[in-house]
Each structure stands twice: as C-alpha cells, then as structure tokens.
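The following pair of complexes shares a single chain, chain A, combined with chain B in the former and chain C in the latter.
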Partner chain A sequence: MGRKSRSWKIELRADNPKRTLYRISAILLGLGIALIAVQLGISEGNAFERILKATIGSRKGIENVLELAAPLMTTGLAAAIAIKLGAWNVGVEGQFFMGAWAAAGIAFALDGLAGPPLLILMFMGAIGAGAIWMLIPALARAYLNVSEILTTLMLNFVAMAFLAYWATGPWRDPRSQGAVLATPKLPEQTRLPKLTIAGVEIGLGIVIGLVLALLLTAIFRKSVLGYMVTTVGASERAGAYAGIKVRRLLVTVLLASGAAGGLAGVTHMTGGSINRYSTSLSSNTGYTGIAVAVLAGGSFIGTTAMALIVGAIIAAGNSLRILDVGSELGRFGLTGFILLVAAVGEGLSHYRLVRRGRKEEAKITDSPPSAITSTEGTPT
Partner chain B sequence: MELELWQETLLQAIVLGTPLLFVASGELLGQKVGVFNIGIEGVMLMGAAAGFIGMHESSNIVIGILSAAVCGALFSSLFALATVIFRTNQVVSGFALWLLGLGLSSQIGRGYTAIRASSPIERWEVPVLRDIPIFGPILFEHLWAVYLAFLTPFILWFILQRTRHGLDIRAIGEDPVAADTTGVAVVTWRFLYVSLGGALVGLGGAFLSLGTSQTFTQFMTSGLGWIGLAIVMFAGWQPLRLILGAYLFGGLRALDFAAQSANWNIPSEFLAMLPFLGTLLVLLVGAWRFRNRPGASAAPAALGIAFFRGG
Partner chain C sequence: MIVGDKTPPSAAAPLVSMRQITKQFGNLTAVDHVDLDVHAGEIHAILGENGAGKTTLMNVLTGLLRPDSGQISLDGSDVSISSPRKALELGIGIVHQHFRLVENFTTAENLHLGWKETPLLAGSKDLDDRTRTLAKQFDLDVEANARIWQLSVGEQQRVAILRTLSRGARILILDEPTAVLTPTEAERLFEMLRGLADSSKQAVIFISHKLDEVIAASDRVTVLRAGSRVNTLRTVDCNQELLAEMMIGRHLDTQPAPPSTALGPAILVGKGIAVRNDRGVPALEDLDLELRKGEIVGVAGVAGNGQRELSEVLTGLRSIDAGQIFVSGQELTNADPADFLRAGIGHIPEDRYSSGLVSSESIEHNAILRAFRDPPIRRGLFLSPAAIKDHAGRLVDAVKVSIRSLRSSVRSLSGGNAQRLLTGREIAAASKVLVAVHPTRGLDVGAAEAVRQALLEARDSGVGILLISEDLSELLSLADRTVVIFRGRLNGEFNRDEYDVNTLGLLMGGSPVEVS
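And now, the complex of A and B:
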C-alpha cells in the first residue's frame, strides 16, 4: 500500500443501498466469467458460436429458449410470491408434480369431455393440489414457527415418491421403459395450442407466465392484500402493530405460492412437449424457479425476464453437450454460480471506500429489507 | 454367519445412518458458530465425486478420503466467503451452493460414473467384540468409516463442551457481538468452522461413493444432505444426540430394505417416503413442544444472522 492510499479505508456497513445495481453488475460479470471459463475449458471448437446458435442466434434457438423458460416463469413466480413475505417456498418442485398429478387424474377420469371444460377442470385441480401440498408447511410456519424451507423440501421428496408410485403402479404406461417413469399420453384434447408470432412458435406457457406476472404485480401494487404483504414483508412487527393478522396473511400468501406451483405443473404438462405425467416432466424446474426469483430480486416482472435469461443459460449448457460438457453443468452449475456471484455482488455493497478522518454521519435508510437481501436469520 | 432379518435391518440402519452422521456433524459445527448452510447436499455430492476421483487416480483409499475432505472444505469455504465475509443472505447462498454442487459434481464425475471403486473403504471386523452373540455381528463388522462417524460427535462434544475454545465457539453462535468484545475473532472462526464442517460433509459423500455403493453416480446423495439438516434440529444442537438422530433416520431407510427381503405387500415408493415424512414429523413435534415458549429453541441465538461489528 502506498502512502496515499492510507487515507482511504474500507468500511463495512450493515445497510446496503444500490444493492440492485450491484446484483445486476455481478450477474453480468458472472455470465462473462462463465462464458470465458467454458471457452477455455473445452479443447476444441468455438463455444461462443454454438451458444449463440442455440439461444438467440436462430429461430430454433429462440423457440428452444422460450420452451425452457416457460415453466421457469411460473415456478419462479411461485417462489417470488413467498419471497414477498420473506418466506421460502422450496417446495415448488413438489407442488409442480402434485399439480400435474391432479390434472392427469382428472384428464384420465373425464377423458370423454371436450377440451376447454376438461382443461378448466384440470387447471382448477392442479391449482388446488398445489395449494393443498403447501398447507402443512404454511400452517407450521405461521403457527409453530417451523422453517418452511425444510418442510416444503421434505414434501418434494414425498411428491417424487408419490409420482413414482402412480407412474409405476396404477397409471403405468406399459410401453415406458428405463429410468423415466411415465403414464400414457394425456387425451389429445388437453394439449394447449401454440401461438405463432413473427414466425416463432410460442407455447401458451409463456403467455400464462406473463399474464400471471402482470396479475400479481397489479394485486401486490393496488390491493389491500398487497399493501399488507408489503408492510409485513418489510417488518413483521410493524405489520402486527398496524393490526394486520400476520399469521393468517402468511398462510394465505404461502398457499398462493403453492397454488402457482401447481399451475406451473399443469401448464408444463399440457403446454410443453411431454404431455404426460412423468418423472421427466421437471428437470428440477421448481428449484431452478427459486433461483430465477432470487436473481430477479423477488420482482414479478423481473422474474419473467430472468426466466428467459436462465432458459438461455440452460439452452447454452445443452448446446455444449457435444463438447463433453454435461447438461447438468448448465442447468445447475451455471445457475448456482450466477446465483452465488449475484449474492456476493450484492454483499459487496456492504463495503465502501471512505476517506479516513472524516466522520460519516449516521444515516437512517429506509430501503425495505426483503428476504433475499436480509441478513437476518430464518426460523429453525 | 447368517443374520436374522431384524439383525440385518439394524445393521443396515447403522450403515445407512453413517453418511447422515458425518453430514449432520459437519452442519452442526457450522451452525454452532451461527452459520446456517442449507447447501450441504451440494457439498456432499462434491465430496462423493472428489473422493471417488482421488481414490481412482491414486488407487489409494486414504488419498480418496482426503480429497473428499479437502474438496468439501474448499467448496464450503466458497459459501463461507459469501456469507461470512460478504455477509450475504445465508439461505440464498446455501441454495446457490447446492445448485453449484449438483452441476459441478456431475461435470467432474462424468468420466467416472461406470467404474467400480478399485480400493474402496475396507471392512474392519473388531476382534473379540464381533464374537459377542446377537449384537456382535450388528455392531462390529462394519466398514471402518462407520466407527469413525460414530466417534465424530464425541469429538465435537468434547471440544464444544469441555474446552475453553469450545466456549468461544458457542459464544460466537449465541452472541457474536459479545464474543467480539471479549476478543474472539468472530469472522475468522466462522470461516474456519464452516469450512471444517464442510470437510465432514464431504466425508459423508465419500462414504457413499467409496463405502456403500463403491461407485459414483450423478446426484447419488438423493436428499441425504437435507435430512442431515433436519437431524441437527432433531438433535437440539447437541452433538451426542446426532447419533440417535442419524441411526433413527438410517433405520427408516432400512425399512425399505427389510420390506423387500420380507416381501411385505407395501409399494416400495411409500417406504421411500418414510425418512422424509419422518423428518417432517420430527420438525412439527419438536416445534409443538416449544409452541408456548418463544425463544426457548435450542438453536444458537445468532444462527443465520450476519455479524457486523457494532451492530
């Protein structure tokens, strides 16, 4: 250190204004680092070219990204709803599968029905199933202060085993083989139509995700419920003083989060390319959705945008498979890396350079703490 | 010697509980200094992969075990860097660590998936003790790492409860500001113990890839890390109770095995749910006991909270 730099020092502070700026810069930086690492890591070929072609560089690439992003939008929104209250719905994956289960059951039972009424019933069933799957964690969190992180997660494993039971037992497709357990295809009339805009095929999943995001934004900005959530999300105690029934609100919001998870399941099953109740329906879509919501800072509109970016990351990872890069590296490794980098970037905003000797006045900042940036503990 | 079904089930409970014991011990160590790492499933996977690769490349089990521990520690220190140094939210960073572990372990273990371990963890039959009728074969004919796992909580207990330094560790988890005032290096110890805990978690992973299955498969931990988190809570943050918790959950997993051997007419999927439903039940019952006493939880008071000097 030179003599001049001695008048500066790094100071640590508990509040971190401009955290969004820090986070976004970190995400961009992380993506850059990942790209360079991948290019350096592969022995031959041009990774950039491949990635570009598999994502935004071709019509097929764009369609691919949209298809990967569609389920992430809704699962991301499901996670974002809980984050608004400082809660973590790690159970989106389970709600996703339970939603698909309920919808598939309805479709098999009432396959004589025409498409639209059957689809409406399936969607209602899935939303209900997702909410019910959240009931125990929600009540336990609100009334017993049990960490919803662990309870929702445990139910994911239960849901996976439940799926395996139905797909190997009662609903078994005699033709399904190997590691993927699947039921027969759903009735043809339950397949959601696809839109074509400017020559690009867009699944209805994207549309549902966008509409849900707008709807949630409107609810949370304009309604009393939204006001209550914002208040309690900023400070539970302030909410209680304002006369808000915090526990009931927590249960409501968590159930809504679970319902969105169920919606994601049925949307992906009827709107995606799989169209059956199967273990391959989700490639940890629920978990990736949480990452999407966190990266978006819990904003609903931001979540839809971030779903597209993460969809592109996954597509990029898949495109490198031929170069001896596993698809898991893109799907989990890169997502996790970006998430960690974003968190560290945001953490950097705790530090600042200050000139020594000049006393900083204590400032009271009123930026609302959210679950993501909070350095507070979680209930255990 | 042929074992009865119940003996075999108990033996399996111990074997299946062993990785949980490693993982829960590692997590406990981190939580005692106030850091809540939900990403240990990812650390465990990294340990499983690194352990297997280390063993395979050197044909030496000791090097395999060491690579798992070192990799677990390094990988966790990434988490410690984020949460302890940069004060990021522990849930977010733990979640990121988990995803990163899922992806990285699959990638580095790609070339090793269809190989059998050439020098796995060996069985060590304890002389004399193994001849105890009925219980000898259940307790004393295990892989040597099983005994090591059993000892770990005792070592933790001794350090935490019987040494001066243990008092410091607990103080960091309970009241870091006070600990800091008395001259305890809160940030340094937090960083160190989170990493050291990661080494134990890595061993838990290596026990799978080098001990029980003797091969590395993608995502082979299948939720064990998460159960480890629950065991820490089940144990009420007391090291010795980890043993009970781990073997109990091992027993729930062993039931699946018992049912298959005995041809019980229960779909194995429902038995596979048991450890997870058991965890859920344990969490609910545990919370119910404390429902009218807020703040009476045995968790370290500063668990999950970043430390800032003077506030």
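And now, the complex of A and C:
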C-alpha cells in the first residue's frame, strides 16, 4: 500500500495503570520549572530556601500549609462528589457561605448551650443549608436539563449578597470598620479544639477532611449507591439500561455535594482563626476546591493529597510576595502554572506514542464495518 | 465482464469503473471481487440486504477505505483514491443518511463552509446570491437563507445534495436516501435525480434495499449478496420477484434447530405500538406482536426499519406514542427499564458499548449490572465483594472467556469476548423474556455457535425470545416463527421450515405480499 514503514503516531490508550505516576510527575515537573523560573527572576535572596521555610521546612510553615489546606480539602471533596457523575458544582463557594450562615445563626440563637451539643447542631444546620442551597440547581438539572454550572454559579452571588445583608443588618458588629463584612465573634464554646501531633498544631478541619474522604471512598467503592453512581457517571445510557433511576440519583448526589460545601463552611469558621461569619472566611476557597478535585482526577483520597499540595503552593506564593516577585503574579501565576502543567500531564496520560506499522490486535473496533469506522490508517 | 449489461446509447465508455474490488476486515471478506460500471447520465441502483457489501463498496469509491485489490478508473484512466478529499477532487461525492449539515447555520453558510471557492470576504447577501445561482444551475429548490433546523428532512437532503454537486461532483452517491423521507418526498427526490442525470449528465448511484424504489427510479441495478456481485441488469428487464431472489439467494443455508420443548401461552403481547425515532420520524407504526413462552420469534429485516426502536420499546428504554405492552398479563406500557427488568425481561442491546456494557469499568462491575440490587450481592446498603467475585467468576466461566483478572477493564477485552460476556449475562438474567438484538455479531464461528446453543437452552427452559438479527440463516435456523419488519410494521409470518425465500425477499424489500 506504499506507506512509510517507520513513523510515530499518537494513539489513545484504553488503560493507563501508571496514571497516578504521570499525574504526580507532572505536578513535580511544574513545581520544578516554576521554582527555577522564580529563582532566575529575582534579584536577591534565595527563593528556594524561602519557599522551603514557608512550607515544609519549619514547624510554622507546616502549620501554615495545613491551615491553608484544610478548607480546600472539604471544598475539593464537595466538588469531587459531583464530578463522579460528570456534573460540575461550581456553587461550592455559595454553599460554603450558606453553611457558615446557618451555623452562625444557630450559634447566636443558642449561645447558652455548651460546646459539644451546640457544635453538633451547628454542623447539622450547615450541612442542611448547603444541601438546600443546591436543591434548585439539582432539580433543574435533573428534570429540566438546565446546566448546573450556570445555576450554581449564579447562586454564589446570591449567597454573598445574603451574607452582606446579615453582616450589616441583624448581625452587625458595632465595632467593625472597613471593607470587611463580619459579624461579632461567635461564642467561645464553638471554637473547635486543635490537636497537637509531634509538636505541630493540626486543626480539626484537616481531620474532618480526611475522615470525609475515607467515608466517601468507602461509600463509592462498597455501597449500592456508589455502584450506581459509578455506572451512571461512566454512561448515562448504561445506567438507564440497568434500570437505575438516573434523575433521582443525580439529585441525591448533587445534594450531597452541596451538603459537603456547607460542611466546609462551618468547619472553617469554627476550626480556623476567623471565628466570625465574614467575607474573609474564603479567598476563593470554593473555586480552588474545584481545581483541586480536577487535578486529583476525581479521586477522594487524591483530593486530600492535592489539597495539601495546593496549600503548600499557596503558602509558597505568599512567601514570595516579600521578595518583590509581584504578589499577584507570584501567587496566582505560580499556582496557575503548576495547575496547567498538571492538567496537561493528566491529559497526556491518556495517550501513548506508538510506532506505526505494528499489527495491533483489533479490540473495540473489531466489528463489521459501518459507513463511518475504518480500521485503516487515517485518511486526510 | 459484466453480465446482462447493455450500454446506454448515449455514452460509449463508463464514467467510473470499479474492477475486481476486494476488501477484507480480518477474516471477513466484505467485498469480494466486485465489478461496477456507471455511465454518465445513468441512475444506477445498488441493491442488497445487510452485510451485502454495499456500504463498504461505496466507502472504497469515496476514499474512506482502500481496497485490498482491484482497480478504479475514471474517464478511462486508472486512479488511486487515497482519501475522501481526493475523491471529491476527482468528482466523486456522497450524501450520507445523516447529512452532516450544521443545524444552526443557513443553507448558504453550510454550502460555503470549508469550501475553497468561498470568497474570503463575503457578506451573507453574497453567499445567498451565490447559493441561488447554484440552485438554479442544478435545478434544485432550496431556500438560501433558511436555517437548517427549520427545514424539513427532504429539504435538508436537497441542501446536502446541492453542497456535493457544487463541489464539482460528477458522480453523486446516495446512501439509502429514502430512509428518512416520506413517500412524497421520496418521489420528489427521484424526480430530481432523474432531472440531474438527464440534464447535467451526472452519474447517480443510490444504495437501497427497497425493491419498489429500485424498479421505479433506476436505469440499471447491481445486486450484491454476501460481498459478491450477483448480477447487473437493466431495470426494465427486472421485476420485484427477480430482484428479491437475487438479493436473498435461492437457497438459504439453514440447519433448523430442534423444535421447542417448552412452548406455552403468550408471555409478551404488544398491541398497536407506534413510536417515533430520535429524529421525530415514525419508526414503528401500529405494530402487533405476540411472543409465547418457550418460543423464539425471529424478526427479519434490513437494518433501519425500526428494529432498534422495537427493542428499546420492549425493554423500557423508549416510551411509546400509542399502543400497549403486556408481560404475563401485566401492563408495562411506558414503564421504565427497572420495571421491565423486574418483570424478567433481559436485553442484549444493539450497541453493546454504550448501554449493555460500561466500557470504562471492570469485568466484575459489568457482570453484576443486572444482579446488584438483590442478595447475595446486595447486603443492606452495601455490596458483598465475595459475592461479586463469585458471580462474576461464574459468568466468565460460563461464557468461556479467558481474562487476566476480573478487575481489568472491559475495554481490554476483544469485541467478540465482550459480546460473549454481555450475552451470557443477559441470558442468565432473563427469566421470562429475552430481547436479543444481533447477539452473534462480531463473534467467530465457535463463539456464535455457543451463543446459539445458549439461546436454545433458554428457550427450552421457558423463556420467550425475540431475536432480531441481520443474519438471515441464523434467524431461520433458530426461530420457531419468523416475521419481517419493514418501515416499522411487521409483515408476514413464517413457521419453522415453512419459509419461502422469494416471499421473504419480497417482504424484506417492502413489497406487499399476501402471505397465507
């Protein structure tokens, strides 16, 4: 047939058992390049040293990273839940704040209660609020095919406006000034205790994130619900074929995603350093959580790991601000670059380089020819 | 040497000539030393049933496939058609069943999309004017500034044809053009094609399995069967019976299976079923069906006559517009797939990878797709890993597929093995009825035989099986009764061993025949 016998071709592969390796390598590569770039770009001081100190090189650094990572874990998990079904919960930010609102409301109203029961009620309220905030987008997506990306995103703005109302109205803190909208501090007993392991302070937020990740992994791998979600997530048609009520499943999973977003809000509010219902609770934590989940390839455990890595990246970026790297560029540019490399790595892990001319055993294309498919080489 | 050919007086030599074209896929010979000559100004029909090789042959002509051997010549000189683009350059254009038009664009925009001759800076008025000029040139009635989604299917097809002609196609190929048209639109189409052939001297080739069309609209017809050319005749020398016989063959190689031992009362009844397909065109019309316990009913017919919709309707994947469905007396009209499943209906679907199997998941996962809701696999809210492994292992053993691990992805299986897994699972899951669509497609001889055996065993244990298959011999061997589906209706009924090939062929080709 006159084809060149030795040429390379990029080919989609069915399975990549080393996919995690690809992902991690990509992230490390991105980190490495970013570090080199930064070091080359600054006039004095050693970027590498500074970054190391700010992240894993010192006790304070580690604590800093953990604090940054904690909310990202839960928001990441919230996004990951939706991703299992191929849906996008862009409203994690809003659910985060609504969860915090519900918890704050309960705290202010029942401030006579002791710590543990009050906290339990707050957490339940927050989870419920997050789920309710997701109700309309979930129903609209399942029954009306309205894009959940749009609906959840729009509701984020509503949640912020909601916060503005409460923080400047009924829950106004007479002593606050400036641009930050915040309520007075929550009752003392609602502060989550911190654990100390090996001399390092770890907030409960991390613990909650890890526990949630393990719980979700168990549910998805072992339960009937998890089986149905995996099936529908892979193919809605297969789900329908198997007799799964796809729409009901979609709503259930999306509500769970919203609930997790609410959980992230109350956890951060009570477990972090900001014990108020305030705009400063989140610096795009909800949106960053989505990136974390995507980078982790939708795996729950992977999301917790990714949250730590992204937390470290943010800490590194912050530390460079002082070195005149240009704070915005430093933080977002760095993070963005690494995310980009990681994403490309993820995409490339689906392909492999193959030398053409090999007789490959026909697999999926092994069926009688139809008008479209061809087991031949590519035509132009 | 083409037998029975009498060259039309208007042209001396054929415009396009395909000689001894052969194309194989693995050990399947799709096209076997086929000759085809088409002259300018001629409307040439290619007739054949499923798997005859019609589409493959045209794919070779349009550059989508390269033949393993054989030669194509245009205007007397040999050419090598290496790609669809090359084919278009040579003046060979095809209009597929699915038109490939951009629905949101206008006719003029679709016409000019991706076309070298489109001027760089052209306003929509310019494009409209150019479109109108072209339409007039080819005498095709199209609306230049209408958006495609606004047009009827017949009009859309005209746009697709105009697009092909504008790019300089001298040989116009149409693949089952009337599959999506109403009878009136079909008439209009053939009138238009006649005009094209007569005035512009286009060579028109159309693929069809409908006998009446071929008789009415073509000058000559080439009949293909199982990859070989049976004959090429002038249409005036043919009638429907002759064509049907050529299409199906005089004898069918069938080895009738033993009759059912478990025949019982009706278990699945469909009355007056009417449903539309995804394009909104009626796919089933006033269809009545009765399937008895312990019986295999075969549904014969050329692909695209409603088989897919029938299987979807009987398994809950598609809701019907009219009519009723009963299983064991219980009404299941418009029930969802879960209800059909619970009623004991298994389904070997037409597209195994998009519904029957979840290709990204493991063999284990797929093996329990029907069984995960019940014990022993389900334990309360959770699934028992041991029970899953057991179930999957037994399935894999039963269908004799050798695998690396139960956890490997279904994608790593060959198509044939995946089909065996799917078939085995569904036969096991069907306690009352099994709707089997092309169950042996893609399987080698041994595997196909094993599936047929499994179907017979299921039948003899009391399951009613509706077998939809393109393989006529298989159908007639296995089925206790065979019906023919054409344009969404069931016609004719043959009991085992009582089929008449000619009548069968006529029915499959759409000819209304009185069957006693």
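To be clear about the criterion, the second predicted complex is superposed on the first by the 315 of 380 C-alpha atoms of A that agree within 3 Å, B and C clash if a C-alpha of one lies under 4 Å from a C-alpha of the other, contacts with A are read in each partner's own complex, and residues count from 1 in each chain.
As a convention for this text, a residue touches a chain if its C-beta (ideal position, glycine included) is under 8 Å from a C-beta of that chain, and two chains touch if they have at least 3 such contacts.
Computed from a predicted model, the values in this text were never measured in an experiment.
In the superposed model, A:234 lies in contact with chain C only, and not with chain B.
Contacts of A:146 after superposition on the shared chain: chain B is touched, whereas chain C is not. Once the two complexes are overlaid on the shared chain, A:158 sits against chain B while remaining clear of chain C.
After overlaying the two complexes on the shared chain, residue contacts for A:224 are found with chain C alone; chain B is out of touch. Of the two partner chains, chain B is the only one that A:136 touches; chain C does not reach it.
In the superposition on chain A, A:245 contacts chain C only, with no contact to chain B. Shared-chain residue A:169: touches chain B; no touch with chain C. Touched by chain B in one complex and by chain C in the other are residues 14, 371, 374-376, 380 of chain A. Those residues of chain A that touch chain B in the shared complex are 12-14, 88, 90, 136, 140, 143-147, 149-151, 153-155, 157-158, 161-162, 164-165, 168-169, 284, 287-288, 290-291, 294, 324-326, 328-337, 339-340, 343-344, 346-348, 350, 371-378, 380. Contact residues of chain C toward chain A in the complex are 25-26, 28, 30, 51, 55-56, 59, 63-66, 82-86, 96-97, 175, 315-317, 336-342, 347, 349, 353-361, 365, 368-370, 372-373, 378, 381-383, 385, 408-409, 411-416, 441-442. Remark: chain A residues 1, 14-15, 222-225, 227, 230-231, 234-235, 237-238, 240-245, 361-371, 374-376, 379-380 touch chain C in the complex.
Put simply, chain B touches chain A in their complex at residues 36, 38, 42, 78, 81-82, 85-93, 95-104, 106-107, 110, 218, 223, 226, 229-230, 233, 267, 269-270, 272-273, 276-277, 279-280, 283-284, 287-288, 291, 294, 297, 299, 302-306, 308-309, 311.
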